[in-house]
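Naming follows writing order (A, B and C), and every chain is counted from residue 1.
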Amino acid sequence: MHLLNVYFFLFSISVVQSFSNKNHTNNWAVLVDTSRFWFNYRHVANVLSIYRSVKRLGIPDSQIILMIADDMACNPRNPRPGTVFNNADQHINVYGDDVEVDYRGYEVTVENFVRLLTGRLPPGTPRSKQLLSDEGSNVLIYLTGHGGDGFLKFQDSEEITSQEMADALEQMWQKQRYNEIFFMIDTCQAASMYERFYSPNILAVGSSLVGEDSLSHHVDSSIGVYIIDRYTYYALEFLEKVNPQSDKSMGEFLKVCPKSVCISTVGVRKDLFNRNPDNVPITDFFGSIRPVEVLCDLSNVTLLQSKQLSQEEAFKPKKYRYIDPIVNFNTIKS
Amino acid sequence: MGLLTDPTTGQGKFIKILLKYYSYACMLLYIGGVIWFLALAYPTMNANTYFSENALLPGLVKSQFREDREAARYHEELLDEMNKYHDSIPYSWLLAKFNQIGLDTYTHNFTLTSPFNRKDKFSGKNVYGILRAPRGSSSEALVLSTPFRPSTSAHPPTAPSVAIMLAFAKFANREKYWAKDIIFLITEHEQVGVQAWLEAYYGVSCGSENILDHGDLRGRGGAIQAAINLELHSERIGQMDIKIEGLNGQLPNLDLFNLASKMCTKEGVYQTFKNKGPFYSRKPSKEWLNYFRNMLSMMGTQATGIPNGNHGLFHRFGIQALTLEGFEQSRAKGSNKIWFVGTGRIIEGIFRSLNNLLERFHQSFFFYLLPSSDRYISISIYIPSVCLMIGTMFIKACARWFKLQETSCKEMSTETHSPPVRIDKIITTFLVTHFFGVLVSNIPQFMSRYITSLSVYETNVKVFYPLLACLVQLLFIPLFIRMRHCRKSMELLNILAMLELGTVLICISMNNFSLGFFCAIISVPAALLVNPSSCRICSYFQRFLWFLVHPLIILTVAVMINTYFLFPEERMKEIVIRGWDATQQSVIFSIVDSMVYGNWLYGVVTNIFIPNWLCFWIVSFCVFKEDEIDTEKTEDITDKDIKKTN
Amino acid sequence: MSLKKLRIYNNLISTPRIIITCLSAIIVRYYLMMSKYQSVIANHVEVSTPLNSWKRVSEGLYLLSLNINPYEGDLLHETPLSLYLYKNILQVFQGKIHLAFITLDVTTAVVLYFTTKKFTEDLFVEEEENKATYAKDAEECFLKPDKLFKSSYYVLLTYLFNPYILFSCVGYSTTVFYNLYLSVMLFSMVHGIPVLCGVFLAIAASVSFYPVVLVLPITMYFKYAIKSHTKIIVNLTSFVVTSLLIFVLCSNFGTDFSYIRSVYGCILTIPDLQPNVGLFWYFFTEMFEHFRELFIYAFQINTTILYLIPVSLKFRKHPFLLTVAVNFIITIFKSYPSVGDVGFVLSLMPSFSHLFPFSQQGFLVGTMLVISTSLAPILYYLWIYCNSANANFYFGVTLSFAVAQIFLLTDLLFSQVKRDYMLKYGKDRKIDGEEGILCLE
């Protein structure tokens, strides 16, 4: 018995280490706007801008879960029906032709969001509404809305607390639903949302520290609303210069929007993240790696990776040991 | 378990202290209330106004209104039309213009029967056009209204506001971002028109029956959320005054006031509240004085309960509304004047912000005082001042009550029997005074309805003099009350009256703080001084003092002072005559207001204040001999002694 | 000897006086019902709650006449038996509903008059019998017959001219019926008629559920005041039998149970959060949905059984006071109280006039009741019609209304305790030469 325990212990250490060294196999993005109403136009613009960027950098629509709490484009107050802009110059309509909104309006609830992350969706949920990530997925989670110390408001009627958020991510980890997570949040007191995280391999960035407000960037006076938030604006400015082949690192991305332009202090949490962000290419989260694509200029790395993967094959049957025993029992039975 | 322990133990001491010092406490509280009120105008007690409704997004949008030429043309045409019809609304022209612009256009007929002469009927016609929200669900609406004043009207002209309204309608109809219907309303006969239109819109009747026949509307928009009333007296506006005081002292949401004020500032017009702009001074005393004057001026208007513009009638229906009154002449030196472009942009800005609203105004304050257009005092800050004053009524009543009990305890122990307290008689007296109050309040209706032979006389003869006669007769009530010889009964009546006064003042302050405050500051000290007393001089002094706070006397004095300030150059005699006429007029107007609009000032004064005043009046006529009790006491003691010796 | 004394005081209040009082009450009610204020009063939430509004009853009767089950919607919360009763009353009075309400209200007042009369007589007789056991210097708290025997008349007066009762009668709230059931129950209890008592207790309980807890005080009454065990059994049996009968009749001989959800479900789970003078509506509008169940249990236990046992133990020697007190607790804390309920308990207060000298908070309670009653409609108007005040204002008023009632109740109960103490140990409260303090622990 004791021997068995020791064996498992050693085994788990080796697994964790091998995971942390391992690179990811696919990319997912969960982009959420939690607030409705016309005067929160900027939140919709925020999330649609990020959506546009990640899509441009290669994550396909099938791997982006876009949650938007209100339909700004068709709001009767919108002087430009059917469009959403993220800049007063209005050169990019972020609500373009191929936007796939997966959860919209009143579907954007805390329950749906947590179910989506943890994969506890009712049977029969369409694939577009599921986060079908696995242990090789790098997941980008982007949240925007109205936050407070330790919570994020959903739809003006309910809220998710930082503890609930942290527990949801832990459950994802235990269910091996991710390899690494980049958690990005643009709300007031954003840092309070990631303070409770305790699961490994999460890199988190928030637009403001606890006690600070995140501010909007500028007004589009023809629409008459604040059109985008500061942090997202500067993050986008950075992302616009990135292309799928670029070698910009996450370290550079984390330095985006210094206090002089952001007014709020951008908060970063690296302690759960095992790699040095400076060595992590930004495309690890914002771009997409598909198993079929082999990049020639990084051939050495891919070779190493494939070797490791083949080593992993041997352990594969045991990867479900984290799953709840009852669930396991049932599956065996059936 | 504090409640369940013997209440006498702790309270005994408390009551002793109360009995000993209650008169000082009352005095202190009253003075405290007055000081608190004076301090309200001090900048640390009030705060800068701010927007608490995020959805308004005030002033973010770039103004696009450019229809100033149209406005000028409409203005010219309207002036021509007005020359054709001297004293009626040129509705065919207005209908044609609204139709031309492309609105759903309707007219609305209403009839007002004169409250004092059923044969006199006035009819009027409102014109309104509805701009349907192009992409919205038409479930909500905004109103832009303006009173139409024919060239013969005594009030300053409003033709420019009709012109700018038409121009704005033309502009707005082109835009596609409206989420709410906009109703453009042009009313006739000042406030009667708006009242009739609103009653017809909601299908209710607010005043007495058969006075205002509100007619019917053929077209309606959604639920009205806000209304802006325009009274522009000139094409060029040098000063924009914002008026907010409504019927029965109701105020619109402070956010709406802030919005209007911000838009005016944005367009660069000198924006005022109560004819005073934002004021800054390094001298605290000067600043205080300025704020205080402005606050008093607002409270004066609010206390009358008469709306100072057409906006005031919307409030009752839960619609936030205010009036923008534009003057050509500005009080500020060197301020610039805006033309139709500017006023149009102010309206555009306000309406686009209102269009952004997602729910009713609910965020900011509904109960506030404004010492300046950019400062406010919230209810939690100002209500203590009146509460302190009203509190004295309850404290004194409480102290008197315990004193009464104490004396009756003493009497029980000494087994004396002063004349028995007849509670039923006290209550009867109390009810009878209120019955008289109800009678007084019904006199005007009675006179106008049943005594038709008087219809040849003027209204003041028909209504005011009978009322005055009744009030004078009521002064003699105390002489018919026999129990004024019983000290205890009088004490009880006094306590009852004080409790009533306190409760009524609280209720009024909740509805209309200014009225409640003014009533409290006048009646409370007098009521504190009225006691059943045996001293003849004191009692005469009490009667004199209490006579001075009779509602009618107060009204007369207030009107006289007002007349004096309005016509300072006239001689005393003329001022008195004028003032007396004005008093009669104001009583008659308050009766008319109560019958047409449902203003409750007249009803409250006659049904509650006059009976309450009478109760105190009876108390001040209390006649008894101080030594009465003492002699009885000594007699009894001797009796007892005799018994003991036996 | 005591009976002789009683006879002297029997004619203290003459019958013509009672008749004149009743007549004037009828006139006042009739005038108000015919005036334009009737609909205003009837529409006030303080008078008409979802449970007792006549509007809903007439709606239900209409549905019934169309053969539609009135309990299918969320409209009617009266039992089928009450509905049947209303239908018949309407037929008897030929649709003149105001006459029916006036008759019932005045009947209630007269029943209460006789109840108090018997109660005060019993009280007096009891004291005469026990005088020997009282302390020597307790004379001054002995009952004063001339005052005591007037209290029944004061009960009549307060019931008939109590503004709360007046409004509830003029506003056609079915609390008038409920008050009649309660008054007959009290009457038969005091007169020692167990069958009638049980029957009317069952009826009252079937209408408003809460009176179920009155079983305990009534049993106490038969045990300690009437001292008859057979009557207890008869009373309980008649209560149970009538309850079963009502159930059978209401459920249409066990075929239709839809009324249970509408009536008792509504009383117990508070689905309708229309404001009223009680405390439930505000708490349940503010509450998060998942705490609702817990607080429903907490609130209903508070209303029904939390105070029942301790109060019953303490005041078992004064079962009439106990019955009134338990009824008072129900009135304060029930889910849909109206001013009619409050008026009923308040008008019983004069029957405890012998306790008034010991009460301390009469003035405070009176002032609080007056202020909160006059502010309530004003704040409701400002909140609902003018949109300027909000629910917190109105709740503040209902809270102070409830606090005033609680003060009144505790004051009354404590007065009884003090009187008992005085009778037992005399006026002197000195302990070791110092003034002692009475404490309830």
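Observations, loosely collected:
The rule is short, and it goes like this: contacts are C-beta pairs under 8 Å (C-beta built on N, C-alpha and C of every residue); 3 or more make two chains touch, one makes a residue touch a chain.
In this text, all values refer to a predicted model and were calculated from it rather than measured experimentally.
Greatest Cα centroid separation from chain A: this falls to C. Taking the mean of all protein C-alpha atoms as the reference point, the chain centroid lying nearest to it belongs to B. For this structure, the chains sharing the highest number of C-beta contacts are B-C.
Computed centre separation for the pair chain A/chain C is 62 angstrom, with centres defined by C-alpha atoms. Centroid to centroid, with C-alpha atoms defining each point, chain B and chain C lie 40 Å apart. Centre-to-centre separation of chain A and chain B, using mean CA positions: 58 Å. The set of chain B residues that touch two or more partner chains is empty.
Annotation for chain A: no residues touch 2 or more other chains. Among the residues of chain C, none is found touching two or more other chains. Across the complex, chain B is touched by residues 140, 360-361, 363-364, 367, 370-371, 374-375, 378-379, 382, 385-390, 406-407, 410-411, 414, 418, 437-441 of chain C. Of all residues in chain A, only 37-39, 74-79, 81, 219, 221-226 touch chain B in the complex they form. Chain contact summary for the complex, chain B toward chain C: residues 1, 3-9, 11, 250-251, 315-316, 318, 360, 362, 366-367, 394, 397-398, 401-402, 412, 499, 502-504, 506-507, 510-511. Of all the residues in chain B, the ones that touch chain A in their complex are 54-57, 60-62, 133-136, 175-179, 352, 355-356, 358.
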